[in-house]
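Across the two complexes that follow, chain A remains constant while its partner is chain B and subsequently chain C.
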Partner chain A sequence: MGMASGQIKIGIRTIWDIPKEEYFGPGQLTCAGCGPSLAVRHILKAAGPDVIVVNATGCIEVTSTQYPYTAWGVPYIHVAFENAAAVASGIEAAIKALNRKGIANAKAKVIALAGDGGTYDIGMQALSGMLERGHGVLYVLYDNEAYMNTGIQRSGGTPRFAWTTTSPVGSRIRGKVQSKKDIMSIVIAHHIPYAATASIAYPIDLMNKVRKALDALNEGPAFLHVFAPCPPGWRIDDSKTVEIARLAVETGVFPLFEWDHGKFRLNPPSNMHVDKSKRKPLINYLKPQGRFAHLKEEEIKAMEAEVDGYWDYLTRLLKAFG
Partner chain B sequence: MSELKSWTQIPIGGYITEPQNSVKNKTGSWRTQRPVIDQDACTRCRICWLYCPEPAILELNKPYVTKSGRKYNLTFEINYDYCKGCGICANECPVKAIKMVPEVVQQ
Partner chain C sequence: MTQVIEKERERSVVVGKVGLTTNYAIAHAVKDVDVDVVAAYPITPQTTIIEKLAEYVANGELDAEFIPVESEHSALSAAVGASAAGARVFTATSAQGLELMHEILHIASGLRLPIVMAVPGRALSAPISIHGDYQDLMNVRDTGWVIYIASTAQEAYDTVIEAFRVAEDPRVLLPVIVSYDGFLMSHTTEPVEVYDTKAVREFTPRRHNTRPLLNPERPVTMGALATPDWYYEIKYQAINALRASRGVIDEVDSEFNRRFGRAYGAVEGFMLDDADYILVTYGGAATWNALEAAKEARGRGLRAGVLRIRLFRPFPSNDLVKRLADAKAVAVVDRAIAPGSPVEGPVFKDVYIALREAGVDKPIVSVIHGISQRTMYIRDFYELYYKLRDIASTGNVPRESLYMGLR
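Then we have the complex of A and B:
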């Protein structure tokens, strides 16, 4: 199985290979400069029209489905916050059963889409169940690092020291106390065929990963962790969404990598960042963001140590599974 | 907003049967500043189109000859019906051919 999916396919190589078709928006109610909105646009361009999207409650759900309007150009269902993976499992199983009984001949792929709240916290149990049962579903996590549409509450995906309305900044508490949950390691521990991180600042990499993940679905589940900044929640200018996402990769805060059939691989430009001197200084990423405006020098050092620690972990993964 | 339908006119379950009918929702009214593309400076690299979250940048098969005599088969134009004025296009443009201009309230 591993060899078959390792075949070289012609993917998206340049910006001109990106399909012109739009399957999301315009007219959706996402804020100006929304990172997740851009992520969904890119994902659907790569996936094409033959998909069914299952959406958890979250920013994208409330902004794209304001009754009587929908921003979706593909079949779409929303049920609840916690069960996007469970609903997606059911749809995948139903398609299989209908095909087997000769009632349908459907080739539609199922994409579950949830934010960091719907994945790290509320949807974790459904996600783990889906991965364990081995449903051929692509689960996409768009990570804007807090519950944004309800008013910026911290989630398991919020990084340490980040200001949110439920991790306020004072003299004793300095933003979020805990560190960001390592969701990729949790997902990889389910031994699924394909899992990857991607960023809206690197759309060609993101779209190729979507296609790779969809190709792997006949073997089992696939998972994509997409980094998508939120201007109101991160206290950045609307025009800086993509710039901040790029800086997150360049400073090593959000490394691009993939777990492909038991092999671990760092993707450009993160493949150069094992060497710390090739990463941009962390301050470049922190300074433009209001949610980190309170950080003192020793707190920036502590954050840097955390980033270095994660890179140390990735380097060991690379040695073991590269 | 279109006229509200009665419950007998709504499909069972309240399904929306028309894909992408959000195009009826003109979000361009949110804008406080508008991007303006300098067509002579634009190199048709497609980057603004790629990074627009709406999408509100149109890729048109419209030929254009620049003042310096350069011919292009493509033209990128802003769709002001939907552009929310975030300015990502102006920020990402590698040749700074997009300027953000304040919207003026018409009296």
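Then we have the complex of A and C:
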């Protein structure tokens, strides 16, 4: 088994420090090259065995729990689509009450896991409630930028111009009209102890953030926004998941940063990217993806302006809270 | 009203007779059984239950986590999580709140989680009405919960205590609703005998770890995906458990009687031994007003009786048939409507099927009354008894629901 609870957690510096234990077993039914399954595997490795996972309905849920099999080596519950944060609140409260009353002596930490649909859209209310009430729960958003499980429909997390089956490329409307919702700002507005972005392309950064987040749970909720590409949904080759995720960071589309007890911090390599010249050209990220194949010059320019605008916002955050 | 077996009753268990609304009686019972987690959201007429529970927690009278959730959907979701983690859990709601929970009602019973919920019944929007009827409850009757409908504050208090025993019994493991009249009971103060806390806790021992729980020492996966190969069989187990819960419900009721000197049964009959004309009711106001009417009718020579349904799910068909078999005509008073049904009284349909299935063929009439707390006058029920007499003598049985009190 993994680390004994109570043991001091050593930061993960290289891949050799990554625990060998697997808590997200083989045999799940995810697609080849699934980004979210990589995220879950590494999150659980970092967290160790003393956790309880609450999973919203979605890709990971349907592919990992097909009765009579399960991929989960830790306690797991799925209830519905929009309520992972509420279910997690109940579990956290139960552990608190049972421990206090001497009925149980549980040390398990609670991790809620939901996709972009289950977080940006249908789960937003329950998430906000959980954050406002201050439950010691780590909420992980694995973001594959659309409702992939039902067959690639747009969500509040889908980027502007992206093709999905409900934001098709037509002669009058070309892909998603609206921009991606700034979920991190919404979460940070709840003034929780710890929130961070992470990517499956940077597993060491991801795993260290998981541990930092779990350590913050004594003070209140923590939130991780994990970027996790979906080959069939993004129209990329199965072998390109990590490469595309890395390009998202390198082009500045998905910056890695932390909101740590009121301090804002950009993480490598995004800490270099305030200077636009250090970012790779946006086209490197867009070109390999079929969902952006229809983009014209001016649409790419508009997208670039959006990325620049977000960086401008982050730069101001850095000045104010860095 | 109740079947007190004085000789077996340990009087010492009663610590006092206090004036409580049914909502406060519910909160008192929740405190007495030492609930661990309360997750709830305010809605009229349920609110005073959770206000009282918040007060108990704030004063240290109840050692529980009170989760003031942001919606009823989250209330039941948090209750599901807490129950899956091994806590004793309570929630309460009414009307729109119960409708918002609807999705999770099915999941709570499907996951076999012993949650107890109080539901003071209320009319559903639109038009919006905060007043009492049972439309909300009838809309959730097919969600696989055990459902009681209480008729007094005392019964509500007692039933919550029984409900935890039934829900957590390893032979049952199903959630339980305790319902009663919104406002007419929820906000009406009645004398209630409350019991010694120790006695209540002895009666409701914890069954922590007698069911699969979310525990890292023994990881389980709950809420798995079932393909059509498995779904039907798993669902059927819950259906069967609800059916079989009746044995445990009766067992708990008689044990409750031995301990606290009260038993209620699945149905409660009044003046039925020689009754020709019987009103079948549920809840407080309909039952007690029908009983007053029955007494008046008997004063004038009409053999009237009342049969109250206390256990709504699983439906006590045999008990009803036994008590109604010798009547000349029966009316079922529904405080809810099943629009577009062949006959529009929801409980009428259950009673009708129970009687016909048992081969009992007698005039049975569907009556709708008390919608959004439209006053159910004693004289309405009095007239209904005479109507039943006419129906029995002429054989002209109405084929549609009679809407009483409708202007």
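One rule holds for everything that comes next: the second predicted complex is superposed on the first by the 312 of 322 C-alpha atoms of A that agree within 3 Å, B and C clash if a C-alpha of one lies under 4 Å from a C-alpha of the other, contacts with A are read in each partner's own complex, and residues count from 1 in each chain.
Methods note: a contact is a pair of C-beta atoms (placed from the backbone, for glycine too) under 8 Å apart; a residue touches a chain by one contact, two chains touch by 3 or more.
Computed from a predicted model, the values in this text were never measured in an experiment.
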Partner chain(s) touched by A:101 [first = chain B, second = chain C, both, neither]: second
Touched partner set for A:203, first chain B, second chain C, both or neither: first
Partner chain(s) touched by A:175 [first = chain B, second = chain C, both, neither]: neither
First (chain B), second (chain C), both or neither touched by A:25: first
Which superposed partner A:238 touches (first chain B, second chain C, both, neither): first
Partner chain in contact with A:88 - chain B first, chain C second, else both or neither: second
First, second, both or neither for A:125, with chain B first and chain C second: second
Chain B versus chain C as contact partner of A:66, first or second or both or neither: both
Touched partner set for A:80, first chain B, second chain C, both or neither: second
Overlap of chain C and chain B interfaces on chain A (superposed complexes): 65-68, 70, 72-74
Residue ranges of chain B touching chain A (in the complex, touch as defined): 2, 5, 14, 16, 18-27, 30-31, 45-47, 50-56, 59, 79, 81-82, 84-88, 90-92, 100
Residue ranges of chain C touching chain A (in the complex, touch as defined): 36-37, 39, 63-65, 67-71, 73-75, 77-87, 89, 103-104, 107, 111, 206, 208, 214-216, 219-227, 230, 234
Complex contact set, residues of chain A against chain C: 49-52, 54, 61-62, 65-68, 70, 72-80, 82-83, 85-91, 93-98, 100-101, 103-104, 106, 108, 125-126, 128-129, 132-133
Interface residues, chain A side, partner chain B - complex: 15-16, 18, 20, 22-35, 37-38, 41, 64-74, 200, 203, 231, 237-243
